[in-house]
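Same chain, two partners: chain A is paired with chain B first, then with chain C.
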Partner chain A sequence: MEDKKQLVGTPVSRVDGILKVTGKADYSTDHPVKDAAHAVIFKSTIAAGSIKRIDTAAAEKAPGVLAVITHENMPKLNTRGGIRGGAMLQGPEVTFYGQHIGLVVAETFEQARHAAHLVKVEYDPKNARVDFEKLASEAKVPKDKKDEKRGDVKAALADATHKVEEVYATPIEHHHALEPHATIAEWQGENVILYNSAQIVNGAQNAAASTLGLKPEQVRIVSPYLGGGFGSKGGQWANLVLTAVAAKMVKRPVKLALTRQQMFNSVGLRQRNFQKLSLAATPDGQLTALAHETTTHAAMQDEFVEPCGDCSKLMYEVPNSLISYRVVPMHLILPTYTRGPGKSTGSFALESAVDELAYKLNMDPIELRIKNEPERDPSNGKPWSSRTTVQCLREGAKAFGWEKRQAKPGENRQGNYLVGYGVACGTYPANQRPSSALVKLHRAGNDVTATVELAAADLGTGTYTILAQTAADALGVPLNKITVRIGDSDFPSAAGSVGSVGATSYANSVQDACVKLTDELMAKSGKQFFVRPTAAQLMVSEKINDHQTRVDSKASEKAEEYSSHSFNANFAEVWVDTSTGTVRVARFLAATGAGKILNPKTARSQILGGVTWGIGMALTEESIVDPRWGNFVTRSLAEYHVPVNLDIGQLEVLFIREEDTISNKLGVKGIGEVGIVGVAGAVANAVFNATGKRVRELPITPDKLL
Partner chain B sequence: MRPFQYTRAQDVPTALKRREANPNAQFLAGGTNLLDLMKEDVERPDELIDISRLSLSQIKTIASGPNAGGVSIGGLGKNTDAANHPLVRQNYPLLSQAILAGASGQLRNMATNGGNLLQRTRCPYFYDVSMPCNKRAPGTGCGALEGINRMHAIFGWSEQCVAVYPSDMAVALAALDAVVKVQGAEGPERAIPFADFHRLPESTPEKDTNLNAGELITALELPKNQFAAHSYYLKVRDRASYAFALVSVAVGLELNKNRITRARIALGGVAHKPWRAYRAEELLVGKEATEVHFVAAAAAEMAEAKPLAHNGFKVELGRRSIVRALHMALNEGKS
Partner chain C sequence: MMEENEAPQLTEDEKKLFEDLMPEDLDEILDTGVNRRHFLKLLTLTGGGLLAYQAAAAEQVLTRPLSLPPEALPPSTLENAVDLSLRINGTSQKLTVDSRMTLLDTLRERLGLTGSKKGCDHGQCGACTVLVDGRRVLSCLTLAASCEGQSVKTIEGIAQGNTLHPMQQAFLKHDGFQCGFCTPGQICSAVAVLDEAQKGEASYVTGPVRLKAGAKPSPVRLSEEEIRERMSGNLCRCGAYPNIVAAIREVQSGKPVEQTWNFVG
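And then the complex of A and B:
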């Protein structure tokens, strides 16, 4: 066969693109399940206390109603199973405003929604602990996050001529994936099929099984497409098991989709953080101390603390360092992973502080960063498998036109606007997680087709496409002859599409399976080859009709000896309206070193999405709690402002060429998370450069710049 | 959403009769506000009378009467059509700008001119039926007065209600001295001057307007004026589009050389109704159109503001926005 061009590394368009734009991709509740009833959840209207009386009589009598489920008739579930955030109707206690307290199942969605309004609830309210500004002082050391100390930060700060000690605040944010959390449950005897979007297919299977008291093999998760997740579909929440219980009770399949309003207190959130950053440096810009102390909140029963100090652990060479966390339980839903967990918020604090220090030192912020570039990972002493921070900064600066920046803030006036440039760095770990894959080849004449199966997830990011590319190259089968089947727990178990491990883990396992399959075919042929043939060639030459193989892949032991990360540098140009305080990000450039880029097109989209959310984080996104009652006053996307097209100026994406086969065989590092890291910092630093005003509390809304 | 009966009105008299017969009925126009509120259980009509097909969508020059030479805009015309009509664009670009500053293209295609005027506040305590709100449930208190009130009123509020009225279109209509034509089941058509159309909350915040129950908005009349050359709608918001105003300013100026002969200024996002800046207008008339006069007029207007705990910024923002909008109007929209 002729030498085929490699598809990996080329901008192949999404193989599932046509399905999506023609509406043929079935998201969770789109699956054509016959005879499904509809469920609607209703929620508590207090944050703390218990339900005294719940009157469902009117709801039960309403037209079309099949069942009203509350804690009074809910079966006991295992609350220590894998479902996050409680709210599974296991008792009368209420621990946050908007906790699920029941659901109505009816013939139609409208009937269920109407009946839900007819339920009357009386409460015994308790004092709600929801005012973080007041409770922050009570925060304690979290269970799984002890202080990490190196050297003597206090002494270094006391001795320093140049230092920054500031608190940076970030608000509660919500994921708000386009597709809300939605499930169809269909029982078949003692087994249940759950059509439910899941970033970790096997995780959802285990969470549902453990909570429902079933064996994992009794639960099948079907999740071929996700309309986004951003961490909120990493773990699974009560809605998944409530749907299963409802279906069992009404003896019919049941569909349940959360409404946008319900998304604010059903599926986690990014917590509010106060981050105290202390930096000390010598007059020539050598860092002598770095302390990153985060105070945050978690739920009453469960703790989740996003790791805001992660970037600070390893971005800069510094002899004295402290990373600490304090957390206070509150009557709010359990926080959870949210895009760039800890790193996006943490880098805002760290990179703002570095910018403040550069200003005090009268140094270019890029030079200050490069001066403190660490030789090895300062948090564990391991060598880097590769590190691209300096390249990202240098190449990014050149492409962006950093030399046009005026070092003195408030000097670049254009009509009614002040223009500013900002830079900030980011990083995210690159890991390969255990993943299995099954590859099947079939031959009809000279025509060879391949099917790849694994329980992977595609968040809309391009998993289908990169796996088809990987298999095409590894098997010698054309792209259009490859079927990728993922998102089903019946397939070989796989890692999740979380923490930027998806592409790395999936692509390596598919690659390994294809190599193994080719080896097997070669062995089967009994021949010697001077040039390694492709699996497709072997199927034809050896007249084999069907062959399949499965592998279980994991990271190499060597990878453990190194510190592997993606890195980036972000550049923002903002225009601040001097009369109204409105900020526009006119230009943004992200330079990213993320190993091998499997598909520059889908990879670019990932960075565009990360940057867009980062700009939202910097300028517009905030969920506000009423400190008297614990309810969100931002209740819909009319008040929770995600950026719209007009908010986003020109975005440029630059990938740094990097070959790093230490972290994994394919040299893939993952880009989903790192894309948002450093973005808010770059915007905030640009706002300072434009106006001379340092905003340390996100989002930077117009009122903060008046 | 509670079950309701749907009726489609074939003509204005039957629509009005039907509405008169059922006090729990409501007119359905574009539905972009009413249906949302029904889904949230805020509005609970048991009958919707669909008026969207009534032939009340014409835009035309007014031939006679007090506003002769002006333009009449049908109450059931779509926001998009009003914004793009040549008569509006040429004579009242301020109105075009204000409409286009609101909502999104899709919503404006559905939203009607009458429905826009009657859209209800976006106060989150009004929207959330588990919260106290005198506007939604009189006597339950005002959740926002001592709650989260960054988006709320700085003018004309009462202890009973601090909500703001959200329409952009109405801010321009206030500046343009529009007249709202309304028709009830009985009697002749009424004409309500725009300044009297919306109400301040006082002790009855449940009443947004002075429209009587069952009256239909048939048209909006815009009197002839010379503001077209010097008008501007400035909307300041938390994101670049698709967000309600923090503060908005509609300005129309008539000039003789650089001397202001007539001035109209209305503010949005600051009160329970479009807030006419009478004080600022008065100060400007007869003066040169210069920065000092703009600043003085803006300061005088905002001096009367009474901010709440979280919206003090609106006073300074309002002051600056008035000045900016005046400059923009003076310079024909160029900053």
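And then the complex of A and C:
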């Protein structure tokens, strides 16, 4: 039956929006847990060495203090249980500046904060390895990233008449979700409830359980709303288990929120990268070689390497290619996934180099890209489930007014400003991960209501809304009669909202559950139907009061035979103030092919967010390590500059209409990550077009242009 | 330490709403607050569903009070205690606070008003913005003890009964948020911005502001640039800025602002 009122694909306002505009959405520390004590963490003031003596006497005597926890009285935990970044007070060793070395638990926050200042620490410091510029030459092949070679890059580069060989540098960045990482832990006998933001609800449950020596069913994660995450709440960090331990020790619920300053060295970061990009081409612009060699840093004990070469593997047809990584351990917190991991930073290097090559070839950068469009995924030979790069470039250029670009740099002067246009492409993989969903129907008279439950996450992405839309269409139940319940490990297990797999995995599982439920009701009725009825109609016609069903969904085998990605093309217009060197992105257009758009309103917001992040990456965001002590000199939002409202100009969003049902049944490709990919490249290329200055080190601050 | 909460927890508007719709339940509501049964009845009376919101979400909004009586704390938890009386969302509150306690922590930890958020605790992000005597302040930089006799409005008190404030409606319509953590501060700030512009208060991007002697400033027209500048103290890491600007423009102008996205291919 054709339903004329399809909700999927329409710009429904967020179903959880009313809670968010009235202040009633409960984030981690908003849950009304009775009698909670307050914990405050204190941190190391050296980057390497060990704690010689820790004097907690004064803190323990301070009013209201219930416990002071350090490595001396901390229970042994399983440090390989899945909590990232160490810092779980398991010994006196210090491996980065700002490592957690203890916490105070007190009746009130004020008392805990005061007492934390009374703790005296003596250290045995060691030489700290914190100067990446000096250490980069020591970098080695990472454990899980071998060099990927195709053809002979060296020979192709040596033979080429037109080539680019440059190093592009990107700084340490922090996620800085507006909600700092925070937890309330409440024990009930041997079981613990952890109110804690988690992009991967079941992952947080398993990591906490394994680290604390519990069974997963003893740990419940409650995370209905996340105040942002951007990768930092994908894995979980020490604060989660420290809160659980503290609550057990003081035999009361405990609330622990990291401070904004502590967010700099508690929950991972985006690593600093040196990316050497080599491109070679024939005089008519056919690429002959591409090498993308990344050098970066990791923590002393653990390794994490952002995959900067991912875009370079598959954006262009090139017979000779090399993707490599080198990593050096440093006394810094473990890096982790950060929005568009690898692709956002990697595309800055790749797309800057492509732009440089276009200038050397005297070609339009759009035409150079289209000339090297691959028919299949060059990294594995698989056919594309769909690829929209050319459409993104063509349609984006038309909508942006690319034809008005003056190819020669420095020619477009408007008063005190130099104006420039830039373009850059991006991509991000589209994957469906295993997810389960439970759908329940209830009938009262002719009124049918539905509840959808799964341990999914909504970190502002719109999960609640797209699942309500999906279920409404699939069940024939009106939107306002559907309740979506997510963010609780008591619900059926689900994929994380990470790596742009959330919408695809969740929506397909809810769809599957609704179809199965309808099939079951049809079978139950024992009738034959010429036109497939909706589940809501069946509940009424068969006078069924309650029915529920659960499915476990996963990607089809066919999907594995194809290469599935979202693609985009980004267009920036920048105005550079010739007196001050400040850059303003006056206008930005993102053209995106991301499969079926379930809700254009929330999808557009995701793209706006990615572009805003990309503009921050391009122009302002940078964390600086003091090479003497290993601390960040950028230690608050006054020094680490995330974009503010006035930093953002006119943003336009264009979607390429596509139905890619090879990738997954609903044809959803995910949109959260791809939005940032290519943005910094487009801005940097526009700055070159405006000024003739090629800035290869982000962020593009005024000092680099004057 | 005993503390009193003299006034009923419902605002006058809410009282009127329940008086009109559910007179027989009013006594119970005034006594114990709105519970699930009242909520379901209200849903039926208002036509089976509050707009197209999730039933669960609407219930959560309506069955929570605008402010809670402060929780009494054991004496050991208070140092340099300060007695304080102030109005919160229209209700008089008397409580005793630690002299170090900020207005933000008082709202969140003592009065159960967790709508105001702690994003940085240093006045750098704006998530804690509330209105004190009608002006926006950063509640994390405001000591509770300095609010004696003042009137505080938080995000929980911005709506009129169960009718959302136009700014709340505009944020919903324009998707002026994603994760929603900065939203209470954004909305409080936006409401104050309209008032500041009406009073002719200049911003960094306002044109010539010199006045003739004795002249009153005329209202500032809020261009996009003005809105962006005036809202730049409220960070949104999800990047909803263009939508926030659209929402504020719509409320100030009273004319619908178009939302734009395009499909091609």
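To be clear about the criterion, the second predicted complex is superposed on the first by the 702 of 706 C-alpha atoms of A that agree within 3 Å, B and C clash if a C-alpha of one lies under 4 Å from a C-alpha of the other, contacts with A are read in each partner's own complex, and residues count from 1 in each chain.
To be clear about the criterion, contacts are C-beta pairs under 8 Å (C-beta built on N, C-alpha and C of every residue); 3 or more make two chains touch, one makes a residue touch a chain.
Since this is a predicted model, take the numbers as computed values, not measurements.
For chain A, the partner that touches more of its residues is C, with chain B and chain C as the two candidates. Once the two complexes are overlaid on the shared chain, A:E173 sits clear of chain B and of chain C alike. Within the superposed three-chain model, A:P643 lies in touch with chain B and with chain C [touch as defined at top].
Contacts of A:E110 after superposition on the shared chain: both chain B and chain C are touched. With both structures placed on the common chain, the touch criterion links A:V21 to chain C but leaves chain B unconnected. Of the two partner chains placed around the shared chain by superposition, neither chain B nor chain C is touched by A:E573. In the superposition on chain A, no contact is made by A:E356 with either chain B or chain C.
Legend: residue contacts after superposition of the two complexes on their common chain; A:E186 is shown touching neither chain B nor chain C. In the superposed model, A:E293 lies in contact with neither chain B nor chain C.
Shared interface residues of chain A (contacting chain B in one complex, chain C in the other): 63, 110, 114, 636, 638, 643-647.
Considering their complex, residues 48-58, 60-61, 64, 73-74, 76-77, 79, 98, 100-101, 105, 108-109, 112-122, 124-125, 127, 154-156, 158-159, 164, 168, 171-173, 175, 177-184, 187, 225, 227-229, 231-245, 259-265 of chain C touch chain A.
Of all the residues in chain A, the ones that touch chain B in their complex are 45, 63, 110, 113-114, 117, 261, 415-416, 579-582, 584, 619-620, 624, 626, 628-629, 631, 633-636, 638-639, 641, 643-647, 701-703, 706. Listed in rising order, the residues of chain A touching chain C in the complex are 11-27, 29-30, 32, 63-64, 107-111, 114, 176-180, 225-230, 257, 259-260, 388, 391, 395, 399, 449, 459-462, 464, 468, 478-485, 591, 593, 597, 600-606, 608-613, 636-638, 642-648, 650-658.
Those residues of chain B whose C-beta lies close enough to touch chain A in the complex are 1-3, 39-41, 122, 124-125, 127-128, 130-131, 143, 146-148, 150, 234, 236-244, 246, 313, 316-317, 320-321, 323-324, 335.
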